[in-house]
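Shared chain: subunit A. Partners: subunit B in the first complex, subunit C in the second.
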Partner chain A sequence: MSNTEIEIKKPKMDLNYTSNKKPVHSDTGPEAKPLPKVTIDGKTYEFKPGDTIMEVAERYKIHEEIPRYCYHPGMPIAGTCRMCTVEVEKAPKLMTSCSTPAGDGMVVHTKSEKVLKSRTGVMDFLLTNHPLDCPVCDKAGECKLQDYNFEYGPSKSNFKEEKRIYEDATTKKLSDKITLNMNRCVHCERCVRFTDDVTKTNDLVMVNRGWHKELEAADPDKGLTNDYQGCLTDFCPVGALTMNDFRFKKRAWFLEKKASICDRCSKGCNIEVHSDSDIVYRYVPIHNEMVNGHWMCDEGRVSYNDLMNPLRIVSPLLRHQDSLHSTTLQTVLGELKSQMLSANSVQLVVGTDSTREEAALLKDKFSDSLGKKVDVFFHNGTHGVSTSKDDVKLDHLLRMKDHTANTRGVEETGLAPLSGGQVNADIVVLFRNGRAAVPSMKSDQKVILWGVWTYEEVKALPTQNVLGVIPGHATIEKSGSFKNADGIVQKFHPAITHRGGAVSAHQVVSTLKSLN
Partner chain B sequence: MGTINISKKYTAREKAYIPAILIGMKITMKRFIQGFFFRKHDTIMYPEAKRDYSQRFRGMHFISVDKNKTENCTACFLCETICPADCIHIVADERDEDENPYGVKKEKKPISFDIDSLRCCFCGFCEEACPKDAIKLSRNYELAVSSREEAIYDLDHLKRDVKGRG
Partner chain C sequence: MMYNNEHFEPVITPNVDKPGCDTLDFYLKNEDGYKGLEKALKMKPAEVVDEVKKSNLRGRGGAGFPTGMKWSFMPANPVDKDGNPKPKYLVCNADEGEPGTFKDRLIFTKTPHRMIEGMIIAGHAIGSNKGFIYIRGEWFKETRLMQKAIDDAKKAGFLGKNILGSGFDYELIIYRGAGAYICGEETALLNSLEGKRGEPRLKPPFPAQVGAYGMPSCVNNVETFAAVPYILLKGWEKYAKMGTERSGGTRLLGVSGRVNKPGVYELPMNLSINDVIELAGGVKDGKKLKAVIPGGASAPMLRADECGVLTDYDSLAKAGTMAGSGGIIVIDETVSIVEAAYTLLKFYEHESCGQCSQCREGSHWLARMFKRILDGGGTQDDLDYIAKICGNMAGQTICAFADAVTGPALSSVKKFRHEFEELIRNGGIDKTRAHTHSHINEGAHV
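Moving on to the complex of A and B:
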């Protein structure tokens, strides 16, 4: 188990193509062999034997010069799209840079006249049957066909005949998550290779050949069944595969992009939060070889809906007679503090979805700020997981059984797990981040809710004796760090600004201390 | 506190006001005779008669519809993107297949399309950006409303028949 600390950063590159390949240098020493060298566009680069030309370009961050549709660093090489062809001196014809191994002394030109002419030809052929329905297409704005056509494409088409139309597959639901528009497809087969080699579910196939080549689910009755379908829409270079969850919600160019961490399970996938006016529209994975590779599961991808829930409690609530009423934070905290001080015993249950900083703050400072001894425990409870020892992988890729992000990090602070998942104090303060489960309790247990809660969750509680609710920030609204299941500590910063009345845990603790 | 005397010294001709009245009466009678006997007017009877403006006049917005009264708009957000005054607000959704009786697949539709005409500067960029010729500016210049809410044109308002369309 490595114990490294990394900070999530917004990639400068396009998400589809980021790669963490680093430049290599020859060993120094008397017996060290020099690394082979390749010349690309007049500059000489060292590379590892076995690298393809594209991989060398990736090492030195010059791969933006080479356009590509079928190549993806997370998948096996296909070499079908012919977009990445480069001119290699002494080779009789253009070579695909994604599949040609670099050789010592090779001289490569990526922008010669011959190469540019070839790319224009490829674009011309791809656009013969493309419907050009960019106004309706969700991919517009982040579409590789648009970008490369702007850069390399012919200004007009020589194609006079009628365009091919797949009548049955214009708006075809491959599953409840993915919609296929076959007319837009450029047949790069990234999706097929993804289901073959990454998820290993083999649920997409290309049927027929040539003009009639069509993408279909391997079992048309079942459709797509894997848990990583959202990734298909990420790497589809055109708008052929679109996610129903994001379909027609927002155009890509309005979205503001900030890096954060998915808190749906203990894996801690690196994500980019796409939002406009602090409303989140989707999560997209960021490439991080140590954590999630290029991928992200569907459950995490749509988990932003929990935070954007209109029933989320975003103002402090206090019980008056039989119902909860919205009031100021000072009033709520003052009233709750006097109730907690007069109670015989108080327990604080910290959800394992809170950040390391919050857990440490509550462990050390909560009793002090209240002026009374409070027993602090942590509780997970998702899918029957109580500590990190119960956590297992659900498949060979990313999904974990523990559905909170920071179980290991909270354990590390020295907190004890809630024994038996049962609370037994006069007043129980439940602090959670919207993910950890509610511990079991008596039906007349007095509770104070703190953190991310929705009205539905409050109604579904075993007890209706809720004294008050203190709203808190969700993961993407605050900064902190998580320790994931593999022991990697990841820091993150706010991706959106909270516009409601929720306050940070630090502010609540300091307000509690200042109140008399 | 000093005072400023702004009273004017009148000349003898001005003091005898009769000539000035006669000059004024002469102009009045001239206009009266021109209008009453020879039908020569410089004004129009506005609500009944209206001026004809240029074909390129940019007035109230409208959304063109097909013969089935379905709007041509596909909610591509290009007008919202180009709008310099931020006055267009669209919410998009998928269109039902039943709404396409002619077999023309309009996949996407606006479920709400609001133009805040109080913000609008009538530059006509939306008309230029529209790939479907859906949003257009008519020659209707009667934009007066009795409340601020009415000044926000919704989809039904934009689709209705207005004078000076096209």
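Moving on to the complex of A and C:
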């Protein structure tokens, strides 16, 4: 694994259903056995024995032909929504493609008249009790009920009875993160299987039966307790489970979607950054079997709030008399350079949340650009982690103890850890991306802050002797690469454009060098 | 008499009218109790399976699957992935919940040892040492009686270690359901037995591969087990001769509704439904027969003119209905078919497990539609749409529940459309009744 390099890319497919299944090919050679073949919609595909029809379709990226509610590649098969039924020749009934194993020589039709009629029937049934409150529903625009109804649904319903209404259904808080609107639910039970089989917390159950069937927290007093609650809203095909963090913030169709990487811990979950006018509204996970599967934790999911923080420093600041003042980068860098040159000793502390490229640049070029020998160390300090050896898994899924993204990558550049987490120089330059901890220091330590900082963090520093602040790009605003806890190097590109006065580390270094 | 079958003799119910017939003493003294077991234990398991296969015994729970065949599907020596032998389980489905069916209750209360004996023989045949009896939650008294019967059998050495010196061990465990109709479906029953939600499982894997607690299991109906001792004792020929070519033995029919002598009748299968009604004393108060539900609530209705059909599995299937669980519901001319069908649909609306989209929403939709028609809000379009809903439900779901719902709904609309139209025209059941009464009164005047 240690030499694996992957590039984070935006998937072409729907996020919730992405699967990394690849086409298979028969071995060649005299002893090789041919792989079984299945015919789907007139084309013949090779598959691995044991694949279901849906999995074969996933291998060849034709699974969008098969609609589904309850099936999810990351969860056990339920086979209950009956939306994915396909016609298998010689089978008396329609078969659920999610659960029917593909057989050699099987002929499958995903769009036959019988199949389409059945799908129309399912849509007709599902819509009978759905409130059709799309105008106020956060899922509108990315809702499978809308999509599939557009494609397969009946043009009109004959349902003349009273709709089912659950008590207090529209604003049931399952936790402080998740709101349930039971009226919208299509009872696919992905959420129940998720808490049973993925998080293994068993905190959601279905109570009652038949058309009274209702989703509830297993312990209504505690509510949801797992750390992956945001995932519920990703795979909920309708607007039944919504995230309070995103509720009523933005219509889905306004969101621009770019791939990036979550820098909240050393796992490096692949994410899609959803933004409008370079304002980020949410992160959602991208499927990557090697890193995060289909999931991401809640802490990472809401971490966009840190860089959308209105108190984030986005213009260069310089100390004048007793306070920090906004001015041009040239002025700040010029003043800071002369101060550093006249100081006895200068230390540069690189946070382990920097990219590999930044760490290498600072290690090799910073002294040179300043024209003075500077000691460069790295520092982590999150949750008591100082090097990657201290990093441990916090649960069986994704969460890591190390809350910076690139500890292994920074270590690889050959930098030494800051001994004892204590800085020791006349002037200390702290370079970080808003994740690594601030090292301990004397109360009158002169510091230069570089990277992603907020006013709150500046105020909370042990010292108030801040000479200046050089704002830098956050992870989703720049390109680079991280090496995660498992040794996988992941490259990424900017997901949004930084609209403030922050500049790249490279630009700062070259400006410093050009100044006299 | 009218049995018209010289081979017929009661297999399960020869003595159910005698006092004390549920005791072990009575069973041993008067009914050759546990003699069939004695014989079976001397045979090889495969021979027992063969005997049952040849007897043409078909499952009495509703689907009518050949019992011997089902037993032969059980793997001989199942092992887990580490190569350790896996236990096999036998499960008795005593979750008799079908409206109109009450035959298994008779076995539980009147001749429980016959079923226990049948289960031990079946256990020997499939190589299982443990059996579960899943009893319907509402059966308090029956559970007590069965537990007593099991305790008695154990004391007498028919259960436990080394039964009758054969080296065969068998243990029976009673498990009470919580009152859900769907738990009569074999895989929902297995889920319920394991303490999970009573929801049918996806098949495959079938219970013979992955059943109760993940082990190979065989699920049979009470009546099926109760027929087994006779087959072993008297031989398969005698049993097979009583039935038709493809279905051996006798059937317990629970006749209910508008008949003079409702109750459980053990009958050969070459009788027609009309014969059965006649045996049950004819239609009550000399009224005219309107319709019959021949196999429990899920079976599509038959019109009075179709009731010449025989009560065996194949004849009923040919007539577009099913033998089901043997609950014959007789409906006379005083009953509104719409109301009768609504009563059944209300039951199904309440009992759908809610897994599959079609069944969860459809059973509710149909019940509400029938209610609306009864209340006078129906239209002609509704009748066509009922057929459409049924078409979208039947055969599309994990288990056969959705098909069961469409049984009464579709057959009532198809065969008694005029009654629906009358209700729609008159504006509901109350107005129709008032109309009919005034009509009769006017007639009296003339």
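Following the convention adopted for this analysis, the second predicted complex is superposed on the first by the 514 of 516 C-alpha atoms of A that agree within 3 Å, B and C clash if a C-alpha of one lies under 4 Å from a C-alpha of the other, contacts with A are read in each partner's own complex, and residues count from 1 in each chain.
One rule holds for everything that comes next: contacts are C-beta pairs under 8 Å (C-beta built on N, C-alpha and C of every residue); 3 or more make two chains touch, one makes a residue touch a chain.
Because the structure is a prediction, the values reported are computed rather than measured.
Student: Between subunit B (first) and subunit C (second), which does A:126 come into contact with in this model arrangement: first, second, both, or neither?
Tutor: second
Student: Please indicate which partner A:251 is in contact with in the superposed arrangement: first for subunit B, second for subunit C, both, or neither.
Tutor: Only subunit B is touched by A:251; subunit C is not.
Student: Looking at A:428, would you say it contacts subunit B, subunit C, both, or neither? Reply first, second, both or neither.
Tutor: neither
Student: Using the touch criterion from the header, give the chain among subunit B and subunit C with more contacted residues in subunit A.
Tutor: Tallying touched residues of subunit A, the top partner is C.
Student: Quick check on the superposed pair: does A:93 touch subunit B, subunit C, both, or neither? Answer first, second, both or neither.
Tutor: So A:93 only meets subunit C here.
Student: Going by the contact rule set out at the top, does A:191 touch subunit B (first), subunit C (second), both, or neither?
Tutor: neither
Student: Identify the partner contact of A:79: answer first if only subunit B is touched, second if only subunit C is, both if each is, neither if none is.
Tutor: A:79: touches subunit C, not subunit B.
Student: Look at A:106 in the shared chain and tell me whether it touches subunit B only, subunit C only, both, or neither; answer first, second, both or neither.
Tutor: Touch partners of A:106: none, neither subunit B nor subunit C.
Student: List the residues on subunit B that touch subunit A in their complex, please.
Tutor: Residues 74-78, 81, 92-94, 105, 107-108, 131-132 of subunit B touch subunit A in their complex.
Student: Per the contact definition, I'd like the list of subunit C residues that touch subunit A in the complex.
Tutor: Residue list for subunit C touching subunit A: 180, 182, 197, 202, 349-358, 360-365, 368-369, 372, 377, 381-382, 385, 391-393, 395-398.
Student: Which of the residues in subunit A end up touching subunit C in this complex?
Tutor: Touch list, subunit A to subunit C: 69, 77-83, 85, 93-94, 96, 99, 117-118, 120-122, 124-126, 128-129, 158-162, 164, 186-187, 189, 206, 208-213.
Student: Within their complex, state which residues of subunit A touch subunit B.
Tutor: Residue list for subunit A touching subunit B: 133-136, 140, 170-171, 247-249, 251, 253-254.
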